[in-house]
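After this come two complexes, each holding chain A, first together with chain B and then together with chain C.
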Partner chain A sequence: MPTSQSERPESPESPESPESSEALGPVGRAGGEVYDLAVVGAGPAGLAAAVTAAELGLRCALVDAGPRPGGQYYRHPAPGLGAARPERLHHGWAAFARLSGRLKAHTGARRLDYLTDHHIWTMERGEIWQLHATLGSEWTGAAGRAVVRARSVLLATGAYERQLPFPGWTLPGVVTAGGAQAMLKSGLVLPGRRIVVAGSGPLLLAAASSLVSAGAEVPAVVEATDYLHYARSLATLAANPAKLVEGARHGVTLLRHGVRLRRGSAVVEAHGTDRVTAVTVARLDRDWRPVPGTARRIACDALAVGHGLVPQIELATELGARIRRTPDGTVALAVDDGLRTSLPGLWAAGETCGVGGADLAVAEGESAARVIAGRPVPAALRAFRQRRRAFAELMAAAHRPGPGWPQWLRADTEVCRCEEVPAARIREAVTELGAADARTVKLLTRAGMGWCQGRMCGPAVACLSGGGPARADSRPLARPVPLAQLADLEPS
Partner chain B sequence: MLTRSPHDVVVVGAGVVGAACAYYATLAGLSAAVVDRGPVAGGTTGAGEGNLLVSDKEPGPELDLALLSTRLWRELAESGDGFGEAIEYEPKGGLVVASGQPGADALRAFAAAQRAAGVAAEEIAGDRLRELEPHLAPGLAGGFHYPQDAQVQPALAAARLLRAARLAGAEVRLGETVTAVRTGRDGSVLGLTTDRGRIDAPAVVNAAGTWGGALAELAGVALPVLPRRGFVLVTEPLPRIVRHKVYAADYVADVASGSAGLQTSAVVEGTPAGPVLIGASRERVGFDRTLSVEVLRRLAGQAAALFPVLAGVTVQRAYRGFRPYLPDHLPAIGADPRRPGLYHACGHEGAGIGLAPATGLLISRQLVGKQPELDLTPFRADRFAAAPDGGPGQGSGSGQGRGTASGPDSGSGRGPEAGSGVGQGERRD
Partner chain C sequence: MRRTPAELVGAQPAAAYTIEFDGRELPALPGRSIAAVLWAQDILAWRTTRVGGRPRGAFCGIGVCFDCLATVNGRPNQRTCLLPARPGDVVTTQEGHGRADLAV
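The block that comes next holds the complex of A and B.
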């Protein structure tokens, strides 16, 4: 069972520990009430939006699939682990503690209903929106599902990690960069003792610095881009000193631990039989093709690898919401200055509008709530948002995967892990069978049809199928739903 | 503009029907080209199921077509090179069940008529149904086993047929949109204009599926193809708990009783990869892609009623497609007397996968001037009075009523939209 008062770890440093926010719990108590606003996602964006909306007098439901607020960024040590000082792993913890303090106050005063463990699988639009939630398969019949009704909806469902496959990536000991962060923050466990961090994007530095701070040895941080892009946009950099400080802080941490940053390089293979024991790192040319003769082996017992994040927006795109293509080759929701999507009544904030980090997510959540409540957005907040967005776009452009990465695949490298589809089958679908996009490759090979619904292999498959500009993935069901719960829906 | 070497025939559409047309045309010795604005199977072929059914068709032209096609699919599957495995051909047979006695009686009468038309159907007493399907709900009145019913994976079937055509010399042009059908002074077809150039050919096959009406319009003739939406639910991978294609046929009783009420009936089938497919709904809502929660509710409820064990599984995904249908629920196949050189091969509604090989074969016969195996008169494109059902074209919503029904995909002969009873109800709206 999720959040209960008794499981709350006492934390002297943060008296308003998020653990104490009162959740309505997985009982679907949303009932028949029509909210002014339903916020989907209780990460930084959703949390900020919900508390702001409540403060501005809106009746608000905050709905999240997880048991605790905070999303991907603000993670909690699992209750019972007795972690006394989660803030050590989080420079944003104070901000989070403030947000969750407000959440607690509003839920306590019943100004805001916080629904945990509610996985929204579809939304029906209208004057009154209906959000359909499943509480998981442990719950049978009516107890396992809920419908949240609201006049407006804010989508703050965040993002998931982009994976690019390479030989050996399915070995035990290979984890995602964000996954390593998450393990550390919520479980306080390390994926190994000697951990290579690789891929591309700002998350690598954050992950590496957390890992070394927690006692791991990080023999190398392997970043595929060469950072030249950054240097070309000095104005945007200068306008975002906090971001530079953040980067510098990670840099200092890494330096202090003697961690080497290898730029313009990639892990092109992980070795091992039962578990990863070493990786091969090679230099990349500007298209991310491995340069012959540059391979070197690094011994390790874990590899944390990631290539940025992909906005999770299917709840909106299934309804036809307009999208935009981001500079790093993903698809995000198109929003206007007031964070309105193209669908009347639907707003978006945080990573759903394009990956930009936790502080931008908070700013967007707060702004959206103000717009929804019909209040002005302070000029400073607006300006902050614009600066951060510009910075995010710059980062995105710098970390866009180069077209040459598939060269490090071998014919038998599994691309879709759920359905065990190797690269050769995908190439055959393209060259022999007439597939030209990810959807057709999926139909012909099953790549992306498994449990994760292509969240893991989707970007790689899209690239291998040469399918032109990125498109929104089609996922009519945003989450799996127990069949009995579908059968149990209210007839319409 | 580029001019390319002339072909004997150019097929518009790389769905299963276009692929079959190209395949049989090449087999007949013709030089063929296939054009599609998307990839292979990018239209309805990649958005449906792969039931090859005779069980749901009442005696008549569609059943004749289905019987021919069933034979052709089997021949294709057994043609060597592992073609059958490559397209996941499974001659698994169908099982149609009735929950009560009136349904069972209607089924018996229906099967008797089908047998007279050449369908194999074996009656299964209620207490023996679970020998065929161990997980079937208890207490069903009875059913019929149809050994000719089979299944393929539609996208693979289309892709493999198209590949075979290509290897035999057909030119395949994907990602190219047809923008005009060119005609000569005498009105006969000269070829196509596309967004990339020109393709000359004295014969054009309209295998544009749900968009066949728009293609016909480019050729200056009316063909009222409209979209009919269907959703399919896909469960998590399961061990083989469903062996045949199984569906309930209680609506047979309703059709017999003349009721025009809306009927629904899920078709449940296992797949080689493990997931169970539950399909499919039928709604006329234009090209609206939004998920219908009500459809999910009905399909899930009906599937669990047939196989109670499914109540404990998780639905992993859902997808939807738009069947190409014509007002009388028969496809348009063959030469269009209004436009010399234009051939239609579209409008197969919920049976296009099943009927594709027969369609391709019959068209190839006409192309080389041979007598087709079947009389094509019932499938003539000019059989409709001027625009009876909201007009030709893309049917993007005009004049269409809303209605939800479901039935076995593979045909219209016996589904709720059959030529009597409920079918007329649908046409009235």
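The block that comes next holds the complex of A and C.
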């Protein structure tokens, strides 16, 4: 089997650190072994699934793109940074500590293979599934690939952030809310000193809370919805007191730091030439149209922005897995009670089934592993999952972008960041050239054709083209793959 | 005096090493990505776009958006938010597609 090969020297992270993959067991190259289960993604859902499966006697491979377990939610500093209290940047760190403790025990006892830095770019289905991985974060040669074989697969690939463009959003200093979180959690760095947090969704409160705790000034949290939607389902709220406590905890942190929450408002422009120096905030009507005469400027040196999360499911949808539309307008994998997708042998858990947060992801990961191992799922676990799913649907409905947001675009606002396609060109494709869906707009304008493959502009382009977001985005290669690795594949 | 992220988590980092960015020597704490090393020096842009020549830096921070591309040790199009900084790395602002030598 080929081994990882890079032109760069080995990682400087100390191998004796308990967090490094070295200490968690050999970073195997999967060899010719056929696993009972391959779990893709070592975030909350994948970690819970893998350790549960190992405890139930399945031979399991936990495959992850990152160097350390935890996914995006439990991102934590590299060992070299010597963080004594990483839990200060996290909610629910104890749960993660327990999961990573179990992971360590199972990898140490060779009951589980934890494969780090494996970026799965496609899967082949069959009695025995084949998962093709490119190794390392960037630019390994033909030798830097691996194939993981397994009888069943659990997709726990999480989500990334949804973006809606606005004038100035490509300026340096404008970052995603999740990106600000990720850079802070892993690198202990901030994009600026005075950071406006804006967009929609519960991540904004969490991000703002982390940023102020880490020393940033947050002059405002700008949330497009009014939060009144939540009150429409009091029964669902009452059944999820922990989610309310979590929200209240962030609220208290923000109050203590004097952070103002502006509801029903949006950042409609970021100002600056080579970096952001201020933003304009305006009130929105119920359809998210800026209300004239309400604009006010807030000075800042960074903006963290995001509009909820998009499930990352292309590995499954490329194989034809059935999808469902979520109340916030994204697409998730459709699963049954036992977390089976429509493809025999493929399960999903966590955000891939619809964004719902870390504790739901853990419950789903554990449930899926039990089903795969042929064991019953305890009633309490089922009930917890149902309560949290109901809350997730309520949350998604509350933060669904209103149809009026494109009104804050200007003709020259770049919609596709990679290919630098302005709003005017997309509107021209729709109104002058007759494009009626995102794919046609892409072919006419190149919007969504660049490096990120439409992950940043996709939701916006779908909305502007009027075709609706019902379809899953098609990405035959889920990750960039060096041509040398494609050439190295055996013909099937 | 506001606190820093490092103070929040009680960080006791190992000794810093240096990397080079556009001819400047920058201190790099072990384990930080190249993007994090640059942010720590208040550098937010290390690429110019192919069409408009506009500055870009890290946006999504998790390897999805590809805005944080730079030329690292002569190799263009490296996602600096994923790539750990290593002693002696030479990072240069990437102009356009970073392949000016190919004259395409």
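FYI, the second predicted complex is superposed on the first by the 457 of 492 C-alpha atoms of A that agree within 3 Å, B and C clash if a C-alpha of one lies under 4 Å from a C-alpha of the other, contacts with A are read in each partner's own complex, and residues count from 1 in each chain.
The working rule: contacts are C-beta pairs under 8 Å (C-beta built on N, C-alpha and C of every residue); 3 or more make two chains touch, one makes a residue touch a chain.
Computed from a prediction, not measured in an experiment: that's the story for all the values here.
When the two structures are aligned on the shared chain, A:Arg275 is found in touch with chain C, with no touch to chain B.
Legend: residue contacts after superposition of the two complexes on their common chain; A:Met456 is shown touching chain C, with no touch to chain B.
Of the two partner chains placed around the shared chain by superposition, neither chain B nor chain C is touched by A:Leu261.
Of the two partner chains, chain C is the only one touched by A:Gly187; chain B is not. Measured by the number of chain A residues touched, the leading partner among chain B and chain C is C. After overlaying the two complexes on the shared chain, residue contacts for A:Pro172 are found with chain C alone; chain B is out of touch.
Contacts of A:Ser137 after superposition: both chain B and chain C are touched. Of the two partner chains placed by the overlay, only chain B lies in contact with A:Glu432; chain C stays clear of it.
In the superposed model, A:Ala424 makes contact with neither chain B nor chain C.
By the touch criterion defined above, A:Leu381 reaches neither chain B nor chain C.
Residue overlap on chain A between the chain B contacts of one complex and the chain C contacts of the other covers 137, 419, 451.
The touching residues of chain C, counted against chain A in their complex, run 2-14, 17, 29-33, 35-36, 39-40, 44-45, 49-52, 54-67, 69, 73, 75, 77-79, 81-84, 86-87. Of all the residues in chain B, the ones that touch chain A in their complex are 14, 38-42, 46, 155-156, 159-160, 162-163, 172, 174-175, 231, 233, 235-236, 273, 289-291, 293-294, 296-297, 299-301, 303-304, 310-320. The residues of chain A lying in touch with chain B in their complex are 122, 124, 130, 132, 137, 318-320, 419, 429, 432-437, 439-440, 443-444, 446, 449, 451, 453, 474-477, 480-484, 486-492.
Residues 7-9, 11-14, 65, 67, 72, 77-86, 88-89, 137-139, 160-161, 170, 172-176, 178-184, 186-191, 213-217, 274-275, 417-420, 450-452, 455-456 of chain A are the ones that touch chain C when the two sit in their complex.
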